[in-house]
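Common to both upcoming complexes is subunit A, partnered first by subunit B, then by subunit C.
Moving on to the complex of A and B:
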């Protein structure tokens, strides 16, 4: 992972891992839409997650084996989350929610592999996913409830003299959802990977300092422990992202609080 | 990442302009958005068309099967219960029937023995009556012959005393009138 020292004895650059390289340069309508390492890892995530699920179900046996069991547990996990957080009607959007979870989870997990690129450590990706959820919630909300969807911003049982204030707060919180939704995932991925890289950098730096090289295993142990933590974070953030999607969808389906 | 660091004292990668923090580098946004749309769309297609229906189908099938098996087990248990109940019922029936038969038999036997007793009683009573009648007859007859014996005896006594036998008529005449029995 350690690469690109800015100076000879300096810290290995912890930001380097987030850089995007063109693999196949492409131009479309004047935009640079090159096939990059980011795009490569997106496709790897797609192939891995879809391939694993399809391969796991090749027998579709009544008594599942390990891989099939795993796929079914994942399915039930998300299905229960959707049912609990957004109700039975939300099962119509289950494929979308499952796709979001599968994509985010696989990208997060792939990112832990040393040398791999973390797709979800780029704000534009998480923002696009959050925007997808936001727009879906708006469309579903208005399609299902029409103007009644706006009741979401006017909670019942609030005294009339503070109602404008509450409504304003509700609207601001609704509009800020995609921001918090996307930044939470992005920041977690980014910070985790920078921390890992910094610890990795310590190992390299200590190794280059003569007798202090004996201390090099310490940050290595730290990096190993952090990697374990990152696995947890990778799952947790995918879970949180999906859970929030379900809760937003719940608002769209049942706006009357 | 895994690439060798080309030069220790090398110039920064994008020498020339100031390096932007990569996640905020807007020049890569278009590419990322396009490829995200492609990748996400592809994943959505694969999952919603192929993988998820398959998993859902298998899970549904399993639940269906479990439900069916449970229903069948329930049904079989019901049948077992019914059979057990029928068996107990028939056992109870048989017992009460046996008791009925025993009681009937006892009653019949009692009636028969009662009848027999009556018959024997009547028979005995008849025999007793007959015997009493015979006794009475014999007694009457015996009493009737007492006079004759007395006459004969008296004749014999007279003969001994007088040396001359008296005829029964004479004795009879000499005797007082016969006493009542």
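Moving on to the complex of A and C:
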């Protein structure tokens, strides 16, 4: 894990933490498919989230203990969200939604650990997740409703002479979903981690200024407070990402409204 | 004149003003500023009353808002980010579609301009939808109480 860590150099460069390093260089059919620090932390997130849930449910006792209780709370939380936002029918897609939540949440949380790599601070990762949701919505929508799915773009009760305009706007609105979906998560994680790193950099820079080193604890306190806020943001963004997934799925299942 | 205890919130600035108006006749240095007439005094007291009420309400509202604390602030940030990304996303998509159509049909720059504006419209539509959904979410969580009512004995 040490090879993948980009931090600890003492250099206040806020972007350095987002650099990708190859751990095991690998080429496949002319493509660079090296095992990177990003891949490592994705793997850690998957193993950690899946492992924790499996370990928590190893007994499956009727009266849950602490860990099992936590796992059950997580399940109930997402299950209620799916039912509220997309209806009972959408429970068929619960595994996908829960996986997305667990993955994003674990990645966000792992990123807060100093020295760890934040997978979700790369737009390519969040864009891939958003594209997965987008394609799923398209497939489910057309499979469930056939051509009726296109009704999503043609709202009822609109006068015929502005219908083309409204349809164009609806289509753009629909196509903008994966962009806002992915940019939101990425921008939140990126901005939060840069801010944290900048505050950390202030501490180091102040320590090297002689008498002004007495001020060094101030940005440190700021960094501690920001870390607390980051924990909140990490959870909220995972929640928002999952919530929007449910809402988009709702459109695919019930395109009428 | 006005007992301090009646205006627990607005007492400090008001009483200063009162003292100033009361001390004028005692010191009797400025003959132009005489004692207020009973009508004026009544009007002034009414204004003080209203101000006290207003302050009380504002303070109560502030307290209710603060109960949410950090969690509310974080949520607010999430909502803000959501709104901005909805708008920007739609504009980017509209612009890209217009640009691609321009390249394809050779109509630079007209379709880009048209679709840019359409993208803006779609962004506003996105925001309105997101707003409606958030409103529902907030109402569901707070039971319609958005921080305007005063906490009662049950709280």
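Definition applied: the second predicted complex is superposed on the first by the 246 of 257 C-alpha atoms of A that agree within 3 Å, B and C clash if a C-alpha of one lies under 4 Å from a C-alpha of the other, contacts with A are read in each partner's own complex, and residues count from 1 in each chain.
Here is the rule we use: contacts are C-beta pairs under 8 Å (C-beta built on N, C-alpha and C of every residue); 3 or more make two chains touch, one makes a residue touch a chain.
In this text the structure is predicted, and so the values were computed from the model without any measurement.
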Margin query: Between subunit B and subunit C, whom does A:228 touch in the aligned arrangement: first, second, both, or neither?
Written below: second
Margin query: Between subunit B and subunit C, which one contacts more residues of subunit A in the superposed model?
Written below: B
Margin query: Contacts for A:76 in the overlay, against subunit B (first) and subunit C (second): which applies, first, second, both or neither?
Written below: first
Check: Is A:153 in contact with subunit B, with subunit C, with both, or with neither (first, second, both, neither)?
Finding: neither
Next item on the list: Considering only the touch criterion stated at the top, classify A:121 as touching first (subunit B), second (subunit C), both, or neither.
Entry: first
Margin query: Per the contact definition, I'd like the list of subunit C residues that touch subunit A in the complex.
Written below: 70-71, 74-75, 77-78, 81-82, 85-86, 88-90, 92-94, 97, 115, 118-119, 121-123, 125-126, 133
Item checked: Residue ranges of subunit A in contact with subunit C within the complex -> 165, 168-170, 172-173, 175-177, 179-180, 183-184, 187-188, 228-229, 232-233, 236-237, 240, 247
Notebook entry, point to check: Residues of subunit B touching subunit A in their complex?
Noted result: 1-5, 8-9, 12-13, 21-25, 27-40, 42-44, 46-48, 50-52, 54-59, 61-62, 65
Next item on the list: Report the residues of subunit A in contact with subunit B in the complex, numbered from low to high.
Entry: 1-8, 12, 15-20, 26, 28, 31-36, 38-39, 42-43, 45-46, 49-50, 53-54, 57, 60-62, 64, 68, 71-72, 75-76, 94-96, 98-99, 102-103, 114-117, 119, 121-125, 128-129, 132, 186, 190
